[in-house]
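Both complexes below contain chain A, partnered by chain B and then by chain C.
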Partner chain A sequence: MCEAITEDGIENQPVKLAKTVRETGQKCVKCDNPGILITRIDDSFCKDCFQIYVIHKFRAAIGKTKLIRCGEQVIVAFSGGANSAALLHLIEHGKSERAHRKLRFVPTLIHVDECGILDITPDERKANRCQVIDLMKASGFPAYLTCLEQVLVMGGDETSSSVKHQPTDHPLARDVTEPQVWMVKPDSDGTDMPLPSTSQTERLKTLVNKIASLTGAQDLVRQLRNQLLVATARNLCITKVLTAESSTRMAVEILADVAQGRGSQVSLNTGFSDTRNGDVMIIRPVRDLNSKDLAMFNKLFNVKSVFIPTKASKTSLSSTIEKLTETFVMGLQADFPSTVSNIKRTSEKLGLANTETCPKCCLCMSPLDTRTGPSSALKAIEFSQKMSRSHPTEKKPTGGGDNCCRDKGDNSFQNNLMDCLCYGCRLSLHNYGDDLRRLPTFVRQRAVHMTQLDDIKQHISDFLLDEDNR
Partner chain B sequence: MPRKCGGCDKNAILKRPKTGDALCKECFFWAFEEEIHHTIESAKLFSPGETVAIGASGGKDSTVLAHTMKILNERHGYGLNLILLSVDEGITGYRDDSLETVKRNQQQYDLPLTIVSYEELYGWTMDAIVKQIGLKNNCTFCGVFRRQALDRGAMKLGANKIVTGHNADDIAETVIMNVLRGDIARLQRCTAITTGTEGYLPRCKPFKYTYEKEIVMYAYFKKLDYFSTECIYSPNAYRGFARAYIKDLEKIRPSSIIDIIHSGESLSVKKDVRMPTQTVCTRCNFISSNDVCKACVMLEGLNKGRPRLGIGKLHKERRKWEEELEEQSKILSNGDGTTPLCCGGGKCGADGGGECGTDEGGECGTDSGGCKN
Partner chain C sequence: MTLRITVEFSGGAELLCRNVKKHSLTLPKKEETWLIRNLLKWLQENIIKERPELFIQGDTVRPGILVLINDADWELMGELDYEIQENDRVIFISTLHGG
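Showing the complex of A and B:
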């Protein structure tokens, strides 16, 4: 397939790692002590220098961006997994007396219990919770617990105060409350935290299981979790959320995002800071360390983590796009050690088109990427679907690109809601059919709001001067 | 119970890879052709009276492209003057056979055919180049030369546009490749349906949204005559990984290919990222992102016995070359009787630069299309 070479035909290709047998007993590159592990391609470190290296990478990422102010409250999203355990340890270390310069921010931990979507017994669910709670308590920081079921009741507005401004007789405002969190008390062992009601858990399960593909289900859970974290932070009046994605994780996510039609969101989903949610910012402070660094760090410094299964656990390596991508990236990384950093560097050059004027997706809050011109992948696939479902009587030579648009007359709620979602979220929910009504209230609330705004804009469009404002 | 066609009442004979719908043969042909027409119309690819050169290799994509372009030109009255244009890279046992297919196509579709060869344009056949450089990086030469060869051939024929058979799978693959290589400039332009508009021959890809599988299906059911052998020189290994990834993705979610193209279309580059600027080659006046275009650098390397000059970092290879020359002159002026390291041309370059390029992996994204020096 030589035709497939890019337009100029020149391809600088990453270089394959030469397999060499490494000598044992290499010295640490920083001091003369014997090295105990190898980071990056061929640098060996001793335990102390490795610790300095990891801490430096974490502190430098926070220091360089100057996003977190002195004394500011931040939320640390704590899943219990290896990456977030390492992040928690780094923060603990930075706050301790041993630290060279103390970290100035004030952390609060939050764990989102996602076990509601799994088929496990309430006792198993409680056991999982207890393990995470033990780790959170050990840190001594204030800690909260919430559960994914809360997305069903939370509201969708940017500031929690405006939830109250909604007229109470509005059908969507009736069952909206603020997302609940439970404080972890120092003497609690986790068993005193109430589990969500069975009916709520069932509702969440149907919501997720309605999606036929595991890829879509995982994607929906990710979006819901992010929205819940943001809403919870807002509720606690904290405007920064720290999450613990490693560079390896980032690289996988970048590629998986591209593969799931979320190319325009790569810079939001994987940058150091994510500003899509307006007042609450997501920050990723360990994105300069790879998963091997963090795993070695946990091993060497006895950082404990727990394993909590997800829906994709114990499935095949190609069960979801994310897992397939992970296998692909890890495989390449073994032979081409620059893979992860190459992918990350690509994402660092990507930005956002126009965040201000663009309406946002009602589920993931990223700028809508579906208002494309007539010549686009989205219109092409819509046209293909129309072509393979139309009746022969309609078979006459088609005109320009304008005929392909969705039937304007069909104003059903479902089409409206689909219109308020970005390309990626549409993909995940595409086989939802009529059940889009079952989406959490906050999504529907945002959709109603957006449609109203569009209607108003249409109403006054003749008087708007700026083209961009229309 | 046979499945019914989604478009009419007949029994379906295939499931469309793109949408999953079951269709009969006629409805599939119709949908396939009209979708390409839709792509052409919505992107306003052509205007009436234009001469369009179809890049024809004899493979499935270009054969189906020639076929559909001819059908659509007649059905929708594009008013285009279509010509076939082939490039003869000079690969014995591959291109000579596929060119026979193109010659048959010429008669089947009644379109004029022109063949331009690397030999007449550059004085080198791919066979001769491979003898020099070996089976590593030979595809780089072929790709760079082919791009120019198509342009030169089309200009000679007075064509206004070139259409190529790049399909959706190829484009998705290129998006993934460019993400993997950190090549932001190419990532941005690789999803454009038309490229190279500034004063040069625009190139269009009417198959941009057409699945490779559907092209094969179309050729199969239409019993089109095409040549389906892989090039005898080793295919691009790294691209093979991306290709395998796309195929695996397609298995999980068939729309993945279009989804990747959507991603490529909708991503935007930060404003402060430095992009290569387009200029004109000082030697051959062709479009280039450097003072001297890649094809000229590669030719220089070939003609002076340093074939690696066009691969990897230019300045590194040049420096190595100069050092070697210096050493040589030292040895010669000392006159100490030792045999000179290099014969001064011919074969010495082929093994001299074996290691260059090992360091390009980390940096290649910052200055795509060769280095600035």
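Showing the complex of A and C:
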């Protein structure tokens, strides 16, 4: 814990909540009505003042940053969970006549159906869909549905145009389409939207289950979902995506990201806006409210949400790094109510250098942190891994000469692909081994493109002025 | 005297009790008054079917699970020492990711 000693020698320690039980019947800090919940550190609020508080926090976050222009189209990523349901309600309220000043942007909802990775029956999956669709329809905003399986067929992005322009018999140009979305019609009950084919769902399952650790699998799903949202937004020609992470979620992600080798991306993963994807920006408008605020808001104002389990549901407290971190943060938060805001405010001080031109990770699109010099910590890790693992890398194929050559080619592709991933993605995929070819096409397309660029750069390097000597 | 109350689970906490959200319960007769403290223990023994460690930690609920008594935060009602009354509605909301 950080401790600062002030000039008079008194230590500034974090405020620990006195474990004595609060007196009952406290009044609201704003008005004299009886309070019904405690928020921030120790303030009790009544229902009306709490509503004003939550709406103000949301509007202030949107207004302060001035990122969303008047009349602009935005996508609201709607999972159906408590946080996104609260966000949707706040937007609805902001667009309604009741709002003091109306919200000026035009929302479109998108739900990414991730049930494909769970072991549930198609009927259960449909039931989940119907519930989410009902909520989206109730809002009256245009709504779309897509499913995580679409990452398997979607292409890279505008940067991989060189691959697109290759003859169609190129192995990567085949089978590539734009990610499909289904519009939710006002009279639809969700049954008119086809479930992805069983083979596709199976492919997605294999892709995720291939990762031995649940931490890695969850991380891959998160990256794939983000990429799908961004690609979908691009197709709909919308450049802002709103997601509903609460401050509690942010605090957990900040610590978990560091533990999972994504320390260099913390400011992108948890800032108010995430610009890593170039033309499409991810915005987190409820990151100033904590999970209790949002859950209480939903309860008090009858905001309906759907609970859809994740792969880590009902697993032990230490099943993933994320869950372990969450237990740690929540435990600390119970005794020290400023934990979450402290972690969040610390991360806000982190920034990134200009990342527009630097190479990006082919999976998560964050700046590539693995292109380091020969004497870096990363190279040292790689070296000791190579030395300590009696990994059968020189496995000789049992087949004939043809196989031998093909394997060589694949191996070099394999290495290239690893080279195009950031450290965090490498960690998640480290036990993929020979199966990196199974990664979704868009990742491989980006990798091919990046390798081509590198080759060209190398070819013309003699003619270029050295960046450092300019 | 037996005590009739409603207990609800949401936000993923319902997964631990066979996906049933709403429980109408009749608490058995007891010498002293029923406190939330006793209710938690009773729920752990009778209602929570799986992984009680995901719901209870020590003698209280796991941090991250909100408790509402008659639609008000339990922190304002005396927390574990609240005396349960007839027809009370106790709600447990998990705010944890994935329940």
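Just a few scattered comments:
To be clear about the criterion, the second predicted complex is superposed on the first by the 411 of 470 C-alpha atoms of A that agree within 3 Å, B and C clash if a C-alpha of one lies under 4 Å from a C-alpha of the other, contacts with A are read in each partner's own complex, and residues count from 1 in each chain.
Criterion: contacts are C-beta pairs under 8 Å (C-beta built on N, C-alpha and C of every residue); 3 or more make two chains touch, one makes a residue touch a chain.
Because the structure is a prediction, the values reported are computed rather than measured.
Using the contact criterion defined above for the overlaid structures, shared-chain residue A:215 touches chain B, although it does not reach chain C. Taking chain B and chain C in turn and counting the residues of chain A each one touches, the greater count comes from B. Contacts of A:455 after superposition: neither chain B nor chain C is touched. When the shared chain is aligned, no partner comes close enough to touch A:119: not chain B, not chain C.
In the superposed pair of complexes, A:32 makes contact with neither chain B nor chain C. Judged by the touch definition given at the top, the superposed model places A:255 against chain B, while chain C stays out of reach. Of the two partner chains, neither chain B nor chain C is touched by A:97.
After overlaying the two complexes on the shared chain, residue contacts for A:349 are found with chain B alone; chain C is out of touch.
Within chain A, not a single residue is touched by chain B in the first complex and by chain C in the second.
Listed in rising order, the residues of chain A touching chain B in the complex are 1-15, 213, 215, 254-255, 257-264, 266-267, 318-321, 324-325, 328, 332, 336, 338-339, 341-343, 345-346, 349-353, 369, 372, 374-381, 383-385, 387-392, 395, 397-401, 404, 423, 427. Those residues of chain A lying in contact with chain C across their complex are 21-22, 24-26, 35-38, 44, 82, 248-249, 252, 291-292, 294-296, 299-300, 307, 309-314, 316-317, 322-323, 326-327, 330-331, 333-334. Residues 6-8, 16, 18-19, 21, 23, 27, 30-31, 34-35, 37-39, 41-44, 57, 59, 61-62, 75-76, 139-140, 142-147, 164-166, 170, 173-184, 186-187, 189-190, 193, 195-196, 203, 208-209, 230-231, 235-236, 238-239, 241, 243, 245, 248-249, 251-253, 255-256, 258-271, 273, 289, 294, 312, 357-362, 364-365, 368-370 of chain B are the ones touching chain A in the complex. If you check the complex, the residues on chain C that touch chain A are 10-12, 14-16, 50-51, 53-54, 62-64, 66, 68, 71-73, 75-81, 91, 93, 95-99.
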